[in-house]
Each structure stands twice: as C-alpha cells, then as structure tokens.
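Structure incoming, see below.
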Amino acid sequence: MKHANRPLGVAKNCFWRRNKVTWVLIAMQYSFYNDYSEGAHPKVLQALARSNEGQETGYGLDRFTTEAVELIRAATKRPDADVHFVPTGTQANLIVLSSVLRSYESVIAVHTSHINVHEAGALEATGHKIITVPHINGKLTPEQVRETCALHNDEHMVQPRVVYISQTTELGTVYSKTELQQLSQTCRELNLFFYIDGARLGSALTARGSDCTLDELAGMVDAFYIGGTKNGALLGEAVVINHRELKKNFRHHLKQRGALLAKGYAISLQFHALFTDGLYEELAKHANRMAHKIADTIESLGYRFLTPPISNQLFPILPNTVIEALKPNYGFYIWSQGEQESPIRLVTSWATDEQAVDAFIETIKNVSTG
Amino acid sequence: MKHANRPLGVAKNCFWRRNKVTWVLIAMQYSFYNDYSEGAHPKVLQALARSNEGQETGYGLDRFTTEAVELIRAATKRPDADVHFVPTGTQANLIVLSSVLRSYESVIAVHTSHINVHEAGALEATGHKIITVPHINGKLTPEQVRETCALHNDEHMVQPRVVYISQTTELGTVYSKTELQQLSQTCRELNLFFYIDGARLGSALTARGSDCTLDELAGMVDAFYIGGTKNGALLGEAVVINHRELKKNFRHHLKQRGALLAKGYAISLQFHALFTDGLYEELAKHANRMAHKIADTIESLGYRFLTPPISNQLFPILPNTVIEALKPNYGFYIWSQGEQESPIRLVTSWATDEQAVDAFIETIKNVSTG
Amino acid sequence: MKHANRPLGVAKNCFWRRNKVTWVLIAMQYSFYNDYSEGAHPKVLQALARSNEGQETGYGLDRFTTEAVELIRAATKRPDADVHFVPTGTQANLIVLSSVLRSYESVIAVHTSHINVHEAGALEATGHKIITVPHINGKLTPEQVRETCALHNDEHMVQPRVVYISQTTELGTVYSKTELQQLSQTCRELNLFFYIDGARLGSALTARGSDCTLDELAGMVDAFYIGGTKNGALLGEAVVINHRELKKNFRHHLKQRGALLAKGYAISLQFHALFTDGLYEELAKHANRMAHKIADTIESLGYRFLTPPISNQLFPILPNTVIEALKPNYGFYIWSQGEQESPIRLVTSWATDEQAVDAFIETIKNVSTG
Amino acid sequence: MKHANRPLGVAKNCFWRRNKVTWVLIAMQYSFYNDYSEGAHPKVLQALARSNEGQETGYGLDRFTTEAVELIRAATKRPDADVHFVPTGTQANLIVLSSVLRSYESVIAVHTSHINVHEAGALEATGHKIITVPHINGKLTPEQVRETCALHNDEHMVQPRVVYISQTTELGTVYSKTELQQLSQTCRELNLFFYIDGARLGSALTARGSDCTLDELAGMVDAFYIGGTKNGALLGEAVVINHRELKKNFRHHLKQRGALLAKGYAISLQFHALFTDGLYEELAKHANRMAHKIADTIESLGYRFLTPPISNQLFPILPNTVIEALKPNYGFYIWSQGEQESPIRLVTSWATDEQAVDAFIETIKNVSTG
C-alpha cells in the first residue's frame, strides 16, 4: 500500500479512505469502520498515571502486573493460569502458536480467519503452515477438524497440532457453549491444542443469545487471549495459558518476538482498570447495544444480513442505492461488491456515540423509504 | 528463569531481586537498576488523553501520528525520512534488520551488543546470523568492519550486509562524530547498511563531551531508532528510515511482526509530547546530570570505572566491601564478580529523584571513608 | 507416520503398503505406485564412474558440471541461463522460492500443488505463505492470478510475488503452449516471478498432444527445474534460472539450505548422460508409451478418467470390484474412496516393463468383463 | 563469490583456484585441497547398480536401506538407534539441530566450528543462534559448556540446549575417549543434547593415538552423523539417533528440509558397501596413512604444526619460500598468511595416490634443503 501524498493537518472527524492507488481524506459525520477509532476509556488512562507512583521492577515483574494477573485469574476462575500482556493481537497469535508448534506442525483454521488473511503472513514468517478449511458462518466444526487430521497422515504433509478459532468470529458470529465444548472435546481426543483469538471476546461474551461465560470458555481451551485494544484499552491483549508445557519458558518466547515490555505495567495497568468493577463487560455491552439498535432498524426495514447480527460487527446486505446514500456521511467497508445489493460491515465500539447511532438510524430509514 | 512463588501484595519501592533460582522481594531506598523503573512523564500521559478527542483512522494513519512524524522529521532535519512507531526496541531491531537482509546476509556487531546478548535470539529467529567482533569500550571500529568483510568472501559463509551499533553503547560509552563519520563512510564504501540502535539516544546526545547532534547522526545512517521507553515514554520507539529500498513496504514488515498498532496514536502521541518544546532533550539531560553527580563523587573517592562515565549508565569498579554496604539500600547490578573489587552498573533516568541521588552520594562517601 | 515393527529381509518385488497405523509387507506382481521405484538408467550409472578419472574442483566447479550446464543450456536454447544441480525437488522448490521472496511476499499456487500438499510445509518453514486457489484439472488460470493480486492490496495481507505451477501437474495434465504463454504474459504484466516445477517435465514434453518444446517453455519462465529423479536419474534436479536478480548469489542460497554438494559431479554427471544423445526424451517417451497402452485399454473398457490420460500418471475411475481384483497383484494408490467406484492413480516410469504392462492389461480386461 | 568467465573445456587434473575476484584454471600435478576431489570407491559404485534389480518402495522404505540401517546398528552396537541417510553434512547438521531446538534455544560450539563458519548461516536460517566460545586446538571443553550455561540464565538470553562438536575437528585434531566422556557427562548433568558432526569420523577413528571406537562414541551421544562424502561415497551422510524424542517424527523434519530422497537407496546402498567387510575403516586408514607419511617428512625437516598432525588434515607451518616453491605443482590452502612463514592445510583422502604423495615428499625435501 502506498500512502504517498498523504497531506498533513488532518482535522477532527476526518478519515483516510483508500481509493485504489492512493489515500484521500474525507470529512464525515461518523465512522463505523472499526472498533479502534477511539482512544482509551478514561479509567484506563487514569490507571496509567499510577505508573508514576514509585519505582517498579521491569519486564512485567512489577506489582501492578501481579495484581492485574490476579484480577484476570479471578475473572476466568483459573487460579493456576499464566497471564501475559502483549501489545498486539498479531503478536499474541504468532507467539502462542509458534511456541506450541514444532516445525512440521500446523494450525487448522477457517479460510476467513484473521491469522490466515489479515496478519501479513505472520505465522508463516515463524515457519508454520495454516491448513485452511471453508467457514460456516465464520465458524469451524469438529467434523472439519477430524477430516483434516485424517487427511494429514504421513511425513509428506504437515501435521495438524492446533485448532484456532476467533470469538467473535471475523464475521461477527459467536460460538455457542455447545459448539465450544464439542471443539474442545475433539481437540482433547485428537491431542490438539485448542486456542481462541479473543480480539473481540468482550463483544462475544455479551452478544445476543450468548450462553458461554468467560470462565466457562477459559476452562475449555489450552490458551486464549482477551482483547483489550478493541474494548477500551489504548493497546494490549492478555494471553491466558492453561497448558502446562506452554507455560514453561513463555517469557523467552515473548522476549524473542519483541513483546516483553520493559515497562510491563504500560499494558497491565490498563487491564487492571478493565477488570475492576466490571468495566470490561460494561464497555462490551455498550458496543453491542449500539450495534443492536442499528441491526434492529435495518431488520425492520426488511434487509437481510450476511451473518446473524448479534455482536458489534454487522454485515447487512443493502441496496447499492442505499449504500451510496450513506457513504457521504458515514464510514464503513463494502464487504463485497454486488450488482444490485452488497453486504457492508458496520462496527460499533465502547465509545460509539448513541446520538450518532440515532442519527445514522434516521438516515438509513430515510434513504430506504425515500 | 523461574519466577515461581512470587508473592503478591508488593509494596511501593519494593523490588524483585533474582536470587539464583528464585525471586526474592526486597525493600530498598532507591533503585539504580535501570532506566525503565518509572512510568511516563506527565506531559506524555496528558498527550495520550488526546486520543479521546474524536475518531481517528487506524493503523498509524491518524492525524496525531502524521504530526508526530513531522516533528521528528523536523528534529532530525530529514524531511524525506519515513518514521514508524513500534512498541519495543527488540521489535525495532528485528524488523529493520530482517527487512534489509536477504537470507544469507548478516549483521556485523560487537560481542556485547544488545542484539547479540539480550534479545533472546530475536534476529536469529528471523533467520539471520550476527557476526560478532570484540568490542573496544563497547564500540565497533571501521577496521573491524573491513576485516570482517574481507574474511567473508565466498558462498560457504554468510555475507555481511549491515553494521549495527548502539548509541550510547551497552557500556555507557558514546561514539564521537568522527567515529560515526568513519563508520558511515566505511559502510558506504563497502555497500553496507548502517543502523544505530538508539534505545538510549537521548542520553548519548546529551552526554558529557558529546559532539554529534541528532540531525548530524540522522544524516549518517540508513536507519536508526529514537528510544522512547528509556527516556520518558510509557513504551515505544521511533524508527527513522533514510534508505529508499527499506522505505518501500516497511508497513508490511511491521504488520507481519505484530508491530503495527490498531491505535497507532498510542505511541505516536507520546513522541508528539517528547518532541514538543524540547522535552526529549530535557529528560535526557536530567538523567545524565544525575549520573554525573554520582560519577563525580565516585571519581573523587579515587575509584576507577570500567568505561568512561559520561552518560546515564555508570560502571564504577568498587571494593566488594563498599558494594556490600550499598546493597541493603540501593538496587544495582554487579556487572562481574571480582575477588576484591567488582564493576557495578548504576543507571539513572528522566525520573531519578535528586534527593535520592544526594542520599546515595552521602552513603557511598560514608561507606568508602568509614 | 510410524514404521514400527518393519521387518527385515525384504525380498525382491515386495513392497511396503501402509495399513492405517503400521506397515505391512506384501508381495505383488508389479508396482504402478510411482515413478521412483527403480534405480537409474545404465548410462547414468556408467557416467558416475567417470568421477574416478581424476581429481576435480569441489562444490560444482568441476569440468563435468561445466559440461552438463552447457548441455542443458543447449537443450533449452538459453545460453545465458544459470544451471544448478540439487538433490531433491523439494530443495529445488524451497530454495528458488525462498530466494525470490521478501518476508511478506507469497506464492500463488493451486490447492493441489506439490508445494502446498506434499512438501511437509517446506516453503512455510522458510517463512512464506502460499496463497492457494482451486485447481481446474490441476491447473492455474491467468484469471485466478489476476483476482488474487487484486484481493491482496494492503499491508495487512501477504503480497503475491511468484506464480508456481507444475508441468505435468499433480493430476497428470499438461499446460498447453498457449496456456503457458498467457500465464507468462500475466506474470510479466503484474511483475510476478513465473516458476515451473518440472519434476515430471520429461513426461510433459512428450505427452499426448503436447505442443510446447523444452526451449519454448524455458523461454517463458523466470526459473524452472528439470526433474531427474523421476526420469532416469538416481537423484537430482536441474534448476535453470533466467532471472538476472535470482542468479546473483544463488550459490549462497544453495549452500545455506544444504544443497551444494561437495562432489557436485555426483548429480551433474547424471544429467550429462541424460542430455547426451536424447536420453532424457527417450526415457520419458517410454514411460508415456507404457501409460498410453494402459489408458487406451481402460478407455476401451468404457471407464472414465478423473483427468485426461495423456502423461505417465493416469487417474482412471474404476468400479471398486475391479480395484479389489487388481489389488493383490498390482501396486497403486486409491486416489479417493467412492462408494461404487473410485479414482486410482497408476504411474509408469522410464523402467516400466512392457511385459508387466501387457499382463496388467490382460488382468484388467479379465476382471472387467468377468 | 563470482565465478564469472569460468571457461569451459577443463582438462583432467586442472583445478579452479580463486584469485581474489575471479577464478583461474591451473594445471597442477596433484591436489591436497580437500578430501572430496575424487568420486566414489568402485565398490560403492557397484552397489548403486543393485538399485536396478527390481522395484523398491520409495522414500527410504526399501530393502537396501533396511539392510544398511542394520549394518550401521551393528557397527555402532546401537540396535535401537534410528538411522537416516541425507545428501549433505550441512543438511544433517541443520535438520538434527533445528529438530531438537525450541525457538529460544541455542547450540554451544567453538568459534571455528563448521556450523558457525562454513554453512552460510544454515542453522540461523532455521531460526537458531549459535553461542560460540574460543577453541582450544579446535576443541570445546566441559568448563566452557558449564560457564556458558551459567551465563545464560534469564529470558533475555537464548538458552543453551545442544553441545556441538566435530570429530575430527575442523583443525584435524581428535577428541580422546576421556574428553568425549567428560563432555557427555557434562551434557547429561546440564540436560544438554550432545551431538557430533562426523564429516570426517572415519579419519578420527583411525587417527594416530585415537582411543575411542565407533561404538564407544555412539554410546556417548544423543545423535551424530557418519560422514560418507569424505570417505569413499559419492554423496551422503548417515545420521544416527539415540535420543528418544528426536526419533519421533524425524522423517517429517527430513521431508520438510528436502532431505528425504524418493530413491532412498541412492545413498543407503553406498553405506551398504562402506559398512560391508570393513571398507569404511579401510578407506579412512589409507587417507590417514598418506597424511602421516607427509607429516613425518615435514616433521623430520624441522617444521612445526598449527595442531598435532594425527588425522587426514595437516596444518604444517612452512616458510613462505617453501610454500611458493610447492604452489606450482600442488594444490592446498594457505590457512593464514604470515610474514615469514604460514600455516597451510594439506588434506588426503581414501583415493590419494601414494606415488603422488611420494613425489610431494621429495619435492618438499628438495625445496626445504635446497
């Protein structure tokens, strides 16, 4: 991607929109592009100030990190879990997965999975193949896992070792408790490591119809991460490890991949705030509530969705005329371009302004019925 | 390293000290262990709050990052430089170096260099060898570079491609302008890429006797990074690239290694503050002034130093009796254990308390003359 | 794969057949499992004896290698090509591809391609992703290449850089001259590197209906390899490079991956024999002729094929009763198990015995009409 | 290295000698450059012809390989060992070592070791660092191993996991039985994997004063390889594995690195011949006897050696005038250029002609006393 000629002096509420070969700056009323357009919740920022209270041991051996680890152990009901804080989700994924895998071992994931599509080959750069299978509403099934293992049966092929899923999925859907249990059980039977990418775990736990709690999910996996960046933090993800072997020397892996912060509290203090007084859940609920308001309106207008609209990512299929009418004032991705109608992606966040949502709802009503 | 049995409830000004196989928590008056024991300068924390002003484009395409890039271009007088913000120094090093190198190419560095000793094999994990040579006061010489290139002359050996140095060095010394010019010239002659690890660049620029400005240094290299973590930031380093080829697709490399933050402003806003009104220089000067106060006292007491005490890292050689007397109240590393006397490392920071320094000075005077 | 309890004392014409969890040894009349069940053509073995004529320079700088390179340059009409000899096809592929690719760059290939399925993640182990697309009769189309490039348009995704195809394909089909030209043209337009895996290139060049000569193919690619192992050599493949940048320092890459033989003539002498007096073509023609005899019979019996039966790999779809009747006396893979009928793979080689083929033909006629 | 303008039509007993930037072809009486200038012993070549006796299972599951494995198990008295045949020593090293190591683990080796200097960064290309220590006559000591482990004590540094030595060393010296036992014992105590690079193991076992048999050595290590290329084979090394964990899935590693030959017998048949009727030992003895003849003469002329002249690699320190007098007729490397005298390397092989040795002896006598 070239961001040549990107002008300076960007004003508030102006956004860069990619225009084939270059970037153009547009003013718009509101962005539903993603859930990382705003900074951090005020309580998170306040927590960071505590880092100036005194001197702390470096590299995550400080008292704030110790406390944040305990808060997460309590929230997940995993008193024996190891918890590590890393700057980005891509790092969480590449470090956990590459630490588990021997060189000839691989990960099973759906084709649309973040590690396969949107991490610029991060896992392959550590030397490992991803075996992809078709998704069903963004999800992976136990049958797919079994079939993949049965197929990869000799030394000419990579050997499956990890099952990777995202919760919520990249298509905004959520695995039910039963689905997770079945995947977990399948992994145990086949001696596979079960890992969940929780970049949007908050939204999943508080999604419409969600029936799996944080501690239930935590009890079913070998490792997962709790996304901070997309739920109120400035940056940072919390990796939670149950698997005994992976716990050993995990800090070596963190260091080697550049994820061991000298000032570990720069991330752990944020999770300290998020896991105090239920802030993490509260922020996710807000994002979902904003999404549901939009989804309900769109549904009432008679439009369909690419996948069930239950979390903070919505994929309504709108007439191209409606999309064109929305574009001048609202930011969103066109998921795939159709001839008459196209699915778009709308994303809400912990900071989404309800007034903006209400205005958007009015607009879409007007342009739909107009 | 095992940090088994690390108890909770760490009080302020208590530190973890490694004790062979486990960790013990000790209370002490003050830590001179390192320059990352304190959080971030208040102006840096204030800047982070700006991320809540409105919505921003993700992945470093926001207005704060755009402005921070311009501030660094101005400070380095490199209007054409590319500037990228990454969470850690290890990431800065591994991403720049692995992006430059073809698989059979390698880096020349002194044996004591951070990439060789203290990055857990991060560069090798990207597939590249470091050719090490003995250091002279922590430094590399043009002659060593020439000899190394002459030796590596066929396809059975890796081919040198990058010269890596740290400024300040890992031993607290500083390359003079002439030394940098000679290395730069050697690199140009031999078609080598010249890279500086500036984790402690602030301290180098304001060290005693330093004769090389930021823009002069910036003009001599293909790429370098300006350390934030060790000079007032919570986390983050600014990679500055002059080299045309490296500029291309560098964001792909950042993404692949997990260093492209969704909220790019989480780091760029910190550099925004550091490069406004000379804060970066001011903080480094304070750290150095605190170090010089200590160094002058130690010198006046007749002790020698492992390397010239000019920056914020001091390596005084003290009698073991003096060291033992200091240990209960002060935190520092014993660099290598001698029979009668041993070099220790004392480090000051932007946040080092002058009263604590004065108290330390009194203590060392007393235990020396006592 | 476990080959536990593999007994000793294997007799001639006995084969190991995998039986789910272990290996069983079976006696059979003839194997059509693959084209590497026999040693080397007598002329190839004779050539190896020349290595004892005197002393030679090591690592491929000997006179036999020099001569073999010239023979291949002449056969391909590429006087400026670089030619290197490597032990295995997997090495040829992983070395060429990893040498071309920067870390964020990837290869486009069909899902059934050898590098994707049957090299145990060799390319990924060098750090690179393969972008797979569905095959059409084992082949890749220019449209698929264009669409893949259009989709991978930002730094969150790997960037396509190489187009990989196999000739013959893994399904025994052969790209026509026009198909190769279109792929070559597409690569040139999109600045992609065009590479052909020629493990079975001999069979492709002499396949039924083949309209592309060796020198025509050689002129359309950036690099390819000529397979020796599957066409009369004991081991060894000849990598031919047109691309100027790849030529530079390719021996470094060979050495680093363990493919630079101390006695380079151990492979080059074999190609010396294969490219003298048209032996390479002669051997491939024999393999194809044997396959065509079988294919014609099977066709005449009214059976269909998974893919057109034109080269030395045949994929007839046979009734399971016929397959069961053949199994006791003939070795072959069941490509995929169907309920009534299943495709099997039959492979002939330079050494396939015509009497055995005739006997097989009689058997299949009998069991079909029986 | 550029081998530009390498002319064709090399005559017998002409060699390429590197001349700074290009290659020149020189005629000479005899080469002592290395032990891979000649092909394979006639019995080895005869053995290869057996591969045409019938059809064999591919990928090393054939009867010849099965038999060769048993011959090596018998010779090493390791009935439970796994034995695998690979094309090159660099592959043997990189595959064994990368298979053992986790990403943050490293190898301890002397600075002069082949993996550190002459494999073009092959091990680093698999992601692993080599921790180098100074050699003592080419050897590593238990004390160095202990000190290295003591130093690498936290997650900022790579963790030592493997001890690598070469037998003979790169300087022609040989570890005694006691030295090997002490290293082996040290490795067991520190939970390190002990590996021996046996590229010239034949010469070591039959060196002057050698007191360690093949089976004694085989019993002290976790894995090692028996060099074929430098002792009578065309190509190929036999990897012998005692270590239970490494045995598992080793064929996956072989396949992934391109070392699993379709016609596995191409190498195993050579070892079949070498380990029948003591041929391996016989060839090594010849090489050593030729070297000792030369060494005794040089010693009698009063010259010193860089290292004790006990195996097939000799490092005499000769006056530059003598070296210049030898150069027109004999091929050898000048190990390092001195002002008055310089060490050179002379290497003999299984095929070294005794008449040529006698002539060389006469020449050196003449030019020394002349």
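Details
Order as written gives the chain letters A, B, C and D; numbering starts at 1 within each chain.
The rule is simple: contacts are C-beta pairs under 8 Å (C-beta built on N, C-alpha and C of every residue); 3 or more make two chains touch, one makes a residue touch a chain.
Everything quoted here is computed from the prediction, not taken from an experiment.
Farthest chain from subunit B, judged by C-alpha centroids: C.
If you compare A-D with A-B, the chain pair joined by more contacting C-beta pairs is A-B. Annotation: 52 Å between the Cα-based centres of subunit A and subunit D.
For the pair subunit A and subunit C, the distance between C-alpha centroids works out to 42 Å. Rounded to whole angstrom units, the spacing between the C-alpha centres of subunit A and subunit B is 32. Counting partners per residue, subunit C has 1, 103-104, 119-121, 125-127, 155-156, 251-252, 255-256, 260 as the residues that reach two or more other chains. By the touch criterion stated above, subunit D contacts subunit A in their complex at residues 98-99, 102-104, 126-127, 155-156, 159, 249, 251-256, 260.
Listing the residues of subunit B that touch subunit A in their complex gives 1, 3, 6, 8-16, 23, 30-31, 33-34, 36-40, 42, 45, 48-58, 61-63, 66-67, 70, 86-92, 94-95, 119-122, 125-126, 229-230, 234-235, 251-252, 255-263, 265-266, 351. Across the interface of their complex, subunit A is touched by residues 1, 18, 103-104, 106, 117-121, 124-130, 132, 153-158 of subunit C.
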